[in-house]
Amino acid sequence: MMKTLPLLEARQVFKGFFGNPVLKGVDIALEPGRVHALLGENGAGKSTLINLLSGALRPDSGEIRVDGVPVSRFHPAAARAAGIAVVQQELSLTAELSIAENIGLGAFPRRFGLIDYAALSARASEVCELVGLTESLCTPVGDLSLGRRQMVEIAKALFRKPRVLILDEPTSSLSAHEAGILSRLIERLRGAGIALLYISHRLNEVQALCSHVTVLKDGVVTADQPLAGIDAQGLVRLMVGRDAGDLFPAWELPRRGEELIRLRGFSSGLARDVDFSASAGEIVGIGGLVGQGQEDFLLGLYGAMGSSAREAVIAGRSGPLKSVEAANAAGLAYVPADRKREGLVLPHSIASNLLLPSLGRIAKLGLRDRGAERNLVARLVKRLRIKGETSRPVQALSGGNQQKVALAKWLPLAPSVLLLNDPTRGVDIETKREIYLMLKSFAREGTLIILLSSDTPELVHLCDRVTVFGEGRAVATLPRELISEEAIVGAAMGINPKGSAP
Amino acid sequence: AANCIKGDRKAPYTVGWANIYSVPTWMKQTEGTITAEVEELKKSGLVKDLMITDAQGNAQTQIQQIQSMIDANVDAIIVIAGSSSALDRVISDACDKGIAVVNFDSLVDTDQVTAKINTDSNEWGATAAKWMVDQLGGKGKIIVMNGPAGISVSDDRRKGAQPVLDANPGLEIITETNTEYNAAPAQEAMTSLLFANAEIDGVLSLGGALSAGSVMAFDRQGRGQVPTTGENARQFLELWKEKGLKGWATMQPNWLGALAVYTAVQALEGKDVPAFVKVPLPVIDDTTIDTYLARAGQFPADGYIYSDYDKALFDKLLAQ
Amino acid sequence: MEQKAVSILKTALRNPPLLTLLLVALVWLAASLTLRGFGAYGHLRYLLELSAVIGIVAAGQTLVILMGGIDLSVGAIITVTAILLPLLSPSADPTGLSGLAIALAIATGIGFLNGAGAAYLRVPPIIMTLAMATFLQGLLVIVAGGSAVSVTNAAVLWLGQARPLGVPSGVMLWIAVSAVVLVIIHRTPLGARLLALGANPLASRLSGINVTRSMLVLYAMSGFFAGLAGILILGMNRQGYVGIGEPYLLTSIAAVVLGGTSILGGRGTYAGTIPGAILLVTTTALITVVNASPGWRSIMFGSLILALLLISGREGRR
Amino acid sequence: MAFLSRQNLFFSVQRRRNRGLNGLYIVVGLFLLAYAMLFPGLLGISGFSKFTQNWFPLALVTMAQALLMLNGGISLAIGPLVSLGAVIAATTMGGPLGPIGGLLAVAASGLLVGALIGVIVAQLRLPAIIVTLAGSFIIGGIALIILPRPGGFIPDWLSNLLAGNGPVAFGLLVLLLVCWKLFLATPLGLGIYAVGDNPVGAFRSGVPVDRVRVTAFALSGLLTALVGLFVAAQTGSGDPVIGTPFTLNSIAGAVLGGVGFLGGKGTMRGAICGSLLLSVMINVMFFLGFSPVTQYVAQGLIILAAVAIPELTSQWSRKP
């Protein structure tokens, strides 16, 4: 077979920020009908590379080629015109506009200068069907969950009928069901001759979908080869440069302490009439399809959302918590899923983000104690291996490191209950392992960990128990010996497992 | 009969008082004379009700409120205009409906009113300028302090002064200021001018609390006071006496409000009233200032010490 | 050596407060060289005295804006304080301090109500403070022009008129206020929290920041500082009148923004507001001495602000 | 089903936009009802025309402000720009340009001034609030130079047409709303929302961000200057400071109508409702015979309640 001409290439591109080189002579070539994986640790430069490929940034040196022709002064409009579409993880949606309007934004079909709503509706429902969006097209995007928004974003890219589609961690906020739809979609697009670039930290996905891989490490390409014949271990080795151990730490019998949470008939937001209890030292999973009230359950527990209960004992206090402050005082901490919106103050420095919850505690005579603060920040940065200078804004960190900051800021409070909402979203495999180890060690020290995750293997390997939600209710609680991906999915779909009813 | 009056309205009357802004002290004092007059007229069974609106300084709102008065079919509207031009149409509408419209202080352009009552702003400026010429012997450097730009009252006073100034080229206007009729901004502006000008022979201030601000600026910067014109603001009169400066003041009497109500009722009663009631400007100078200051206690500290008035005075003015 | 100068200049250019300060120095220098009397010690001192009033109002405004709010009631609070104070000063207290305390307590209370409305009723701060300004106008209709007498309160007059060691006491007050506000912003947990709140209220709330309490405290502070400014103006004019506070509403906001603080909150410092206030006062003074028609003056003033903004007020977004 | 939803996408999108406004609709509806009961003349052609005329300028400036706020901007120059429109109209319409030429001059100056501000804000990345504050002085100054005091000329027929006894103003408002709907159905129009809510995302999606911003400012300027023309026609002449109160009122109307400060949040219909509330409130308070003090307090309370009640009820209904 003749070698096909790449649709989009980067040749020996260099890119640095404020003198820090991020990409040092990177080559990549995207060919039609091929799903190309781009792997690398957090901060390896993947997002930067796709920003170059889509014209959002300009390389310091090197060139971008479209259809084999070098383009000078590449910019987003030119990239769009060349049929290059990017699904960034940072959404480009407008909350107040409807799904259809968002999908068409920037590429509306027109008639007499006006938006042709009929055509828009027709074409938008086509792409929505492709990505499995069943909501009415007139729903404002602000009403959708993060996962659904991600699907809108993908539909938006497809709407432009791209020749090259770049997906930056598209599955990190998707449920298993949505991820399934996406992978079937990718197969179809590949069949249609589209060149795909796929970035993900989930290696099983990469292996299932992709046929070629480029691995970035410290700004240089360490591998550019067909995927065939490389197993997960091999990929990890390429990414981190050494053999990787097991991703998940071995499960061990929890040392259960006193009961920290007991709820009867607990309701908050979508979560209705939930019975739930958990003790110190446990890791309790919360699973199910996305959007069944799991998040509202955590927020209600945390006092961030109005809640009611027939009976509630939380960390020794009776009655639901009324405010976040009360929750923090009781020893609860919450790490949100949407770190950019809910977890971090993006324009502020890493240090101020890390200090935010503990400001009051380390103040002396009402004034901040700079020395103590510096020590604390240094300790946290070291413990979680957060890369980057602590005076830089946290938005300049790569996604994984941002996540670490969102988690690390709670550690000084030594929380007795840690509520985690998808803590490994968009986090590379090494960091994931670190986070898992950390969670284990917290549990061992007697912290109760409640882990809501859309990554089912995580629940399977880490949790002592998994409570599965369906339509706002806790439909099943699986004990350790019954936890498996099938059982969790089954329970979520309403197939009653042999496990105890809650 | 007087303008606008059709003779179909019978006592007791409902009077609407369309104020542009009721918060400033001058307005409050004026409103005091209006309500006092209304109480008088109620006693004689001529007035039954007074409706007050406050346009909060917004001429557009004042139009709306006068429209509402028309809709409510009041018998008389007395009004201080928020803009000399903006109210023309709505006021003409009121006049067409046979409502007695009496306009005082800030006048409208239209003649479709029962009566306009005011002192003469041109004369105000001219007399002040003449006094200044006399004081300085026709030679010297002066600063002119004006009220806010774009307002007809301040423009008229300034215009009135111009011929006098033209006739006396020996008086050099160093510069002019435009500020609200308030002491603080006037003091601020004058202070800057004091530093920029080593030699200032007189301050031709054209109203409100501007003169008080100017005197305070001279005082705080340790400069000797110079001849200053002004208005009957209590603060200025007290400073004038206290600092012993050469002063001159006139006034826009607050009882113009009472006169307006009186005029409206007279017109409704079928009396002929002049279309323009010119109220002579009382002058306060070194010979009369003590009689004013003697009554100072009856007036608010940030208010205006107006001359006495009574029904006889009103009748005399209306008999012009 | 040269390199060092360049690098200092570079840091200055990236530091809005410093840049604004440099700008003030430049304008003062240029004006002193060209305009008679501008550079006199007395004049510069007077400029600082006027700036002190704006600076003190803007202290509260800075705090509130940093938190992502705004206070449109400062003008009305100033007026109310200036009008009420003479009525409140008991003649039994020769120092006048008790009257001062009462007036400040009222101003703080008004601010507190602003905060309560914004926090509990969830009314956008702009609407809450605007409504508050309207209420206060109503209050003024009742109290103004009544028995208000010229201020005889010794403490107030001292604040407005005295010059211990040749420095106006108003300026000293401003220095003290600046120190307190700078410490609050940069050295207390409250300061860090309000910046976080301004930049991302949701994340801040989930991080355990008590939004309600912060709002109450900060709007109360804004009321307090507005009241303090009201007292200072009263002392400088020896008499309050209705409308005395009006000019300070927009000026306080302008000083904050000229100092490089983001109007959206979350970024900035009072250190920029200080030169911002001086810059505004200086501009007004410069325009006053120019002999031109009111229209042209207004145009010059606007253009000067715009020009200064071009140099100092760049903002990344928006 | 798919067919149905396709046909109706535009309208279902429109319906969705009413979310969160029901509280305001009810409040405004109650006020209108109260007004009609206090003043039945409202239901007649002339009463309706007069009321809508007085509301019209505020409705338009609120639209102009909302347009900017939706796009993440704001303008403190609304008031002076109204004045500028008014003085240009009043000085040109009597001259060689004639009424049509005057109209074009007003429109062109509004577009130009707006576009200029837009370019400064978008290209130089300066905060809109202070650019427009500086702009307000410049624009106000120009208005004063063109017409130093109220005056000028507007042909009578134009005044009678726009502000006579026919509901022309209301018709224009409806027409403007249709135009806004049409504009929102263009890519540029929707871009206003996208740029306001998520400028980075909009840029990445291919929305010409800077062009959208400049367009928003230009259109807003056009609208504002035309309000000036209307005000001049309504009053029969020009006034260089008549617009001043519109600045704050336009912001109040928009925020009352649920338009957010950070951009992208809110709707034009909400903003117009907000301005209607501000306007009808004045008339209702008059007919209820409120004294100025009560007017101030009631006004504050109504504004607070209109925002707080919908917010609080939605809070409570969200709680389980």
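Letters A, B, C and D name the chains as they come in the text, with residue numbers starting at 1 for each one.
Throughout what follows, contacts are C-beta pairs under 8 Å (C-beta built on N, C-alpha and C of every residue); 3 or more make two chains touch, one makes a residue touch a chain.
Keep in mind the model is a prediction, meaning the values are calculated, not measured.
Compared with chain B, the chain whose C-alpha mean position is the greatest distance off is A.
Note: centroid distance chain A to chain D, computed from Cα atoms, is 42 Å.
Centre-to-centre separation between chain B and chain D, using Cα means, comes to 35 Å.
Annotation: 30 Å between the Cα-based centres of chain C and chain D.
With centres taken as mean Cα positions, chain B sits 71 Å from chain A. The set of chain D residues touching two or more other chains comprises 143-144, 148, 292, 295-296.
Touching of two or more other chains is recorded for residues 137, 141, 294-295, 297-298 of chain C. Multi-chain contact residues of chain B, defined as those touching 2 or more other chains: 22, 54, 56, 149-150. Across the whole structure, chains are in contact as follows: A-C, A-D, B-C, B-D, C-D. Touching chain B in their complex are the following residues of chain C: 35-38, 40, 42-43, 46, 50, 86, 137, 140-141, 144-150, 161, 233, 236-244, 247, 284-285, 288-291, 294-295, 297-298.
Residue ranges of chain D in contact with chain C, taken from their complex: 72-73, 76, 120-121, 124-131, 133-145, 148, 199, 248, 251-252, 255-256, 260-262, 292-297, 299-301, 303-304, 307-308, 311-312, 315. Only residues 72, 117, 121-124, 126-128, 130-132, 134-135, 137-138, 141-142, 250, 253-254, 257-258, 262-264, 293-303, 305-306, 309-310, 313-318 of chain C touch chain D when the two sit together in their complex. Only residues 56, 76-77, 80, 86, 88, 90-98, 100-101, 105-108, 110, 113-115, 117-118, 120-122, 125, 136-140, 156, 267-269, 272, 306-308 of chain A touch chain D when the two sit together in their complex. Interface residues of chain C facing chain A in the complex, by the touch rule stated above, are 183, 187-189, 192-193, 195-196, 199-200, 202-210, 266-267.
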